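Next up, some structures in structure tokens.
Two complexes, one shared chain (chain A), two partners (chain B, chain C).
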Partner chain A sequence: MKVIGKSVIRKEAFDKVNGRALYTNDYHSVSMLSAKLVISPYGHARIISIEYKDALNMPGVRAILTGAHLPLTGESLRDRPPLAYDKVRYHGEAIAMVVADTPSQAKNAADRITIQYELLPVVNSPTEAFQPGTILVHPKLGDYVKEQDMNPVPGTNIASHVKIRKGNIEEGWKESETTVEASFSFAPSDHVAMETRCSIAEISPDGNVHIMTSSQAPFMVKQLIAAYFHEDLGKIIVTTPLVGGAYGGKASVQLELLAYLASKAVGGKPVKILNTREEDILTSPCHIGLDAKIKFGADQNGMLKAAEIQYLWDGGAYSDKAADMTRAAAADCTGPYHIDNVWCDSYCMYTNHPYAAPFRGFSHSELSFAIERTLNLLAEKLKIDPLELRRQNAILPGNTTPTQVLLNKSSVGNLPKCIDRLKELIQWEEGQVVEVSDRTIRAKGISCSWKTSTIEANAPSGVILTFNRDGSINLMSGVIEIGTGTKTVLAQILAERLKMDVDKIHVRMEVDTQTTPEHWKTVASRGTFMAGKALLEAAEDVIKQIKEVASPVLRAEKNDLEVANSRVFLKDNPSIGVDFKDIVYGYQFPNGNSIGGQIIGRGNYILRRISRMNPETGEGRPGPEWTVGAYGVEVEFDKIDYTYRLLRAVSVIDIGTVLNEKAAKGQVMGAMSIGLAFAGRETFYFDEFGRVLNPQLRTYRPLRYGENPEYLVDFVLTPQLDAPYGARGVGEHGLLGMPGALGNALSTAAGVSLHHLPLTPELIWRTKGGEENAFL
Partner chain B sequence: MKTHTIVLNVNREIHMVTVRSADTLLYVLRSKLGLTGAKPGCLNGDCGACTVNVDGWPMKSCLMLAVEAVGKKITTIEGLKDTPIQQAFVENFAFQCGYCTPGFIMNCHSLIEQHPDADDEKIREWLESNICRCTGYEEIKNAIKSVLNKD
Partner chain C sequence: MLSFDFDYYKPVTLKEAVQLLETLEQQEKKTMVFSGGTELITLGRIDLSITEAVIDIKDIQECRVMGLNEKNLVLGSALSLTKIEKANLFPLLTKVSSEIADHTARGKITLGGNICAKIFYREAVLPFLLTDSQVIIAGAKGIKVLSIHDIFHEELQLEKGDILLQLETEKSFLGSPFLCIKRRQQWNSGYPLITICALKVGNEIRVAISGFCPFPFRSKVVEEILNNDRLSLEERINTVIEVLPGPILNDVEGSSKYRVFVLKNLLREIMMSLKVEV
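This part shows the complex of A and B:
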């Protein structure tokens, strides 16, 4: 292979280092108005009155919108008003929106709006939400319109309940000699994409709705605006330029709806809405929280026999995508281990917290923390090496998943091999704890992960290829360039298939839903797989067309022709042929007669044989394949003040095939970095009113330069047979094992069992009973 | 609302613009001069996405008023052409989404100018003022070190 695997420079690289790469907020026009939100200062309150007469008279103000009479929205369950009315259910919830000529005029007017509240009791955790007789976040849950996969329980805070019933759990406990049971929890946090979300809407006199948005899901924006507001689907044109980081957070549809409503309120003029950092953290959907209970049973040899699991997901005030994460978590609830008897209840809980968007890994890094910590507790009890315990229970071809999918060598990667390589890279034989000085030690922790992608069973992806007169190709796919470099990888796949120079493939970065074929959403590490499949079909289409035109020109059977190096020629005599430039826009004979025309290739892909999960047992095929990985983290730990430094972090992932080496490693290291920040420091701190106390990057602190560990990334290569060149999804997987591995490293270092995130020195101090022993 | 007509020296070009007293340099660069390379990330000095170079030093343009920039030489990412640090960012895959990149490059560029012999500690001290959420910083470290070592 000539291009596959090479570290081809990303196509938009030079725009990005020259300040010429354009993101949604970089598009501006003189006529464009600005919208500004008024947001709730409380977690749960009744809105008594909204006074905005003064604001309406402020300079430059064109409209003020409030929420009465707007339809309910929500992707799986229509439970969310675009602007809150009657009551607010989370801190930061949008209540009113000012549209004015400039951002500062909009802000000044928004500050003049006065809202009277009556405070209501707050549901401040999913465990609180789960208590019988507690306050209801949505008393009218039973009235909401819902999708087929949703199982809400009216009269409770359960927005959806997903069940896994595999094998016979009673038998499982009988076969178990040793059991462990543990609880874990962490609060919601944030994605912190450096580009805060931004949407622009304009409605033209012909009724066309033009939206530009920083989104992972422009095609979903189109569908939802049509559904919520009864617009014609074909009249909605959503454009997405480059996106400045997303990590799942931009797969939710929110600001687009507000921009649309704002434009509608001012006669269709263009209106931009741009989140401040504080709004991006509070108002727009966040990273989900979790309260989990895990019980494992194993026989005397340490073979897992039973798992009983309860996940209470902190979906926040609205179910939106949290319900799907609840389902995805159930499907892979055990982690990558073979267990015959599984009983899992995964609940999407309403609380008075900001609502959840997908987060890189889609509930898997979160559940993995609980599973991997419990496995270490089991290893301790069994007196088995934690690495060996994982290796001997690792999921294998021939095993079944919690939803009873029988795995084969293609549909699951090679976890034992990942674990073996991890063992070398983390120098496991050296020991889990090494003394450095009187005060400091080095300690290691490990974990494993798996993930399938539970996206819609009928999710499509399409590709169009057009030729230029010089024989170069334009590649159009609905995949959004959110930073993953997927579109460059697609160019590599095409170059490989057509055996041509990758520099002669031009990739259209911008997506617009009118002229770009749909890619369902740029989520779930599915871009390369689905768009790659569509692309290979389009490449075949192009080859077929070129050969058809070339056949009479070269006076040879199509089967005797070959395509390579931007030429079509005779297989057995490559000197007889014709260059792309002379044939891809039609071939002209010497007398002027022409045949053919511009070659336009098309290809599409739809997921196959994905099925809904049985509502009583969970049985069903939720996704196409499972990528597996093994992880390690080594810390230097201070035994006196419990501070620690990240020394090394290891990820070994079965990626199938490496398509672009530096890009793949970059994806994994970047995911590890987010995972370590989530594990070690990032969380929302809530007060008793459900207010987030740290909605700024000064108090909510992602990893900064120099705080990162040394990264060791390696790949195992077990091809997925139906994927382009065998490649498995890898965008999320570096993140998945970090919370578990760091949790295990620090539990080992501190000699206590840690059950919460983030893993701060203060948490370790509290867990060690520091509060009782404090003398200050 | 008080406005001022001021003269700004940006990327070696003289621009006359009318601004409010409260307008930040970032806002004026983006909205009045169309230089959208500097990005808003927090408008609070926490993230560094808006970093430009003012009289040779890195400056978070969200923390400087436009009226404060009068008489100073401002360089934005659009003012850099084919510099070694831009090339190094490309070759080392030192960005993914690219949103923080102009700020990082302006900070690195200023560091190279001010401290061509910067050691690891100096690099860390300077670059910890910017946030990159996509990479794990490894590639950014490789990029800046490749340029510093070359010099």
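This part shows the complex of A and C:
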């Protein structure tokens, strides 16, 4: 029986296509109250007064909360009040919260609250934030409580500074005959998950705190509520049903805190808070922006010798997860290339923009845009084929990463092989530019990526397996089903290991932190790897227990037994055996005597040998393995008006093993689609007050069906030896190369070097000098 | 979610609707005449639209007319855009309409709703401006028939108590060569950066534009220049840019300077495609 690699239909597919799948906002109860936020209309302002007496007298209103006396929150640095106090630091920041009987009563009362502001000067980009003597977003930065690996610089807007010092940078420049230097930037944007964030909280009379939330990190919600508000960890029960898309945005903990506070304010009654699309875009954390400076040096053969990199991440008003993205970016700062001398400064900058959540790829698609564009500039200068330049500098086993991890065949995929396959799929030999007509050309751009997952060094994952009396199995894992199909893949792994029918494995979709074993967070393409490892251990546990009971029953050594097809039997004579149903709840002899009992399998996994990065050099092992990929995008470009169409997009990713073919391809295509939308259209437009001018789907537009190119996805299979069936992470990787490849295709097509996102026709027109030549 | 309450009326005769509107206005109730309701729903939820009463006209027969009489094509204001597209009696209108919003929304958005919209693109009016159509309006004093040029200035200048009933277009225009291009900030979805519609009547070209200014327009001066055979194509285009109305939009869809660049390209494309002699 071979289940691995098969395109098994998702376990939750029928519920989803019938509209019966339930998400957080689908859960109602008669007694449930509603909370509504009042949010800041400005990017930076002092709060002079909040007048809410009238609102409090509105029908149905139970409570109104403001930011006074609330503890500071923040995952790595406690810099964020749950409701703004004294100052607002970004457009959309929550200032007050009304709790009322119905959503419209809450909204009407929220509309009645009047707030007076005194406008403050706005820090509108990370580069502005970096200027000495500029406005400070957090003048009291030095007073905040912080985690060990945060390096804030009080008196500046630097929330954290991560350094990479590898090799001897001066030597590197000496060996470099050719150097290129370039700057890149793009503003923050959004995740636009279909389901807007929603949380429900209730505090029962026994003191139990019940939270239901659309989250990628229910176990983190539990920990943070305990830490911030001094609740007993065991009394906090967080439930997560299906999640309607997350893309990293639901790994941040925000609404849960507000729902908890709201419930507490009304004597523990259940309170729901549901983001409108506008709040989901503005108030809840967004997709990070970046200003980057890259300098590469290469010798006469085009071998990279030195890299000097500065990343100024637009973490927005609060550091939260941006600090971790800053570190992840430093760890993989060069892209998937072997360079002996690397100097990188990655800064998490405070600005007056919405603060950042993780975004699929965790800073890698962002930094790749800067790296991959610079590599093309280098190729141009060296007069080397850009694909060849990448191939000859590709990271290999035996090389070291920027944090000086020595790679081997298992810990890094085969990038040259990905590049070779890309070359075929994108028909590179045909040429980078092909004339189509007088005014249109087809142009191609390529890029590469790598990524390790820099999650907590002690991140756990656990699995419990129980049996039903018919011999079927219930699989419980703390992985959240955010649309990736991971739980179905887990069922496949179990079916493969137990050599049984995947339909006889029942997967629990909902997670509740009281009864589901913890999976750290459903992030960083780690679901299959970590939960898969835990699951395999649980499967071994089950096999061992079954054999123990079967051994006396079959009167055979445990070693002579085999488990397959929901049966345990003699290896050399399969006709002698017992079905699961007759043994997993104890075996009963004909006279009624019974042995064994209910079989419960357990397994866990904790990442091994992950270490913190040295604060001076960055040395350390940030993650277990590096997935690599090569990408291409082909556009049809109009030379007159600079409009373009996406024709084809290619991703070739080394994923070790294909566990579920359609699921894997779907993950990659979906990620590519997000990447192209981010590269080509999605951005926040800010005005001088730091206001986001397009916080609606009318004006903030993800890729629509029909705008997409043809997607070509292929895999290289270099197994990761310690992973379940050799599979590498794949949830994010389709996204990583898209901005770089599209940027390279359009720069080639337009004959100008493009340094910003999104890559709109107007950007190309401006880069070509259209603005200077225009008259009005 | 609309957090305000309003009275909802759904009259079945025109007379009833007109009387109702008059009564509500006498009571000084803020009243909205609608059919699809998309704008009230989408703008109401973000406090950009509010009303105390709604008169839903989609059951009124006169507002649902669609057909040709001896001389004219008559289209009722409560027809949904998808219905108009499907019938395809007016290919230019079909083309413009089919690029408004998305298919799901167009099943609700009506012809009258788009022309009278607060969101200022109002692209559905462009074909009627180009064909010198008639606007049929019902009011307390009965039915009025007006040239679109007399009543549409940036928006439809309805008087208190007026209900847009129908649009009437001479059949002879329906087969005229046309070109309609909607250029967006990026790719194929979203509001127009510029939507331009051109109609060739005899040897003369007519153009109407949305998205360039915060209102749609057709300009006689522009057309005179475009049809001026003493000027080269480039001269015509450059002169047109100087006489366009203002202000030129400068927003998240695109800067004013970029819009000028886009418009010049579109004018060139239109003049060449419709083979206007230059």
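The criterion applied here is as follows: the second predicted complex is superposed on the first by the 773 of 776 C-alpha atoms of A that agree within 3 Å, B and C clash if a C-alpha of one lies under 4 Å from a C-alpha of the other, contacts with A are read in each partner's own complex, and residues count from 1 in each chain.
Following the convention adopted for this analysis, contacts are C-beta pairs under 8 Å (C-beta built on N, C-alpha and C of every residue); 3 or more make two chains touch, one makes a residue touch a chain.
It should be emphasised that the depicted structure is a prediction, and the values quoted were computed from it without experimental measurement.
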item: Partner chain in contact with A:Y247 - chain B first, chain C second, else both or neither; value: first
item: Which superposed partner A:T276 touches (first chain B, second chain C, both, neither); value: both
item: Residue contacts with chain A in the superposition, chain B compared against chain C; value: B
item: Contacts of A:G737 with chain B and chain C, given as first, second, both or neither; value: neither
item: Touching partner for A:H28 - first (chain B), second (chain C), both, neither; value: first
item: Which superposed partner A:P624 touches (first chain B, second chain C, both, neither); value: neither
item: Partner chain in contact with A:G670 - chain B first, chain C second, else both or neither; value: first
item: First, second, both or neither for A:M194, with chain B first and chain C second; value: first
item: First (chain B), second (chain C), both or neither touched by A:R704; value: both
item: First, second, both or neither for A:K16, with chain B first and chain C second; value: first
item: Common interface positions of chain A, toward chain B and toward chain C; value: 104, 276, 696, 698, 703-704, 706-707
item: Chain B residues touching chain A - in the complex, by the definition given at the top; value: 20, 22, 30-31, 35-44, 46-47, 49, 76-78, 80-81, 86-87, 89-91, 93, 95-102, 105, 123-124, 127-128, 130-141
item: Complex interface listing, chain A residues touching chain B; value: 7, 9-10, 12-23, 25-26, 28, 104, 192-196, 242-247, 274, 276-277, 482-485, 662-663, 666-667, 669-670, 672-674, 696-698, 702-708, 711
item: Residue numbers on chain A that touch chain C, as the complex places them; value: 103-104, 107-108, 111, 276, 278, 640-641, 643, 645-646, 680-681, 685, 693-694, 696, 698-699, 701, 703-704, 706-707, 758, 760-762, 765-766, 770-771, 774-776
item: Contacting residues of chain C [partner chain A, same complex]; value: 1-4, 45-47, 102, 183, 185-191, 248, 251-258, 260-262, 265
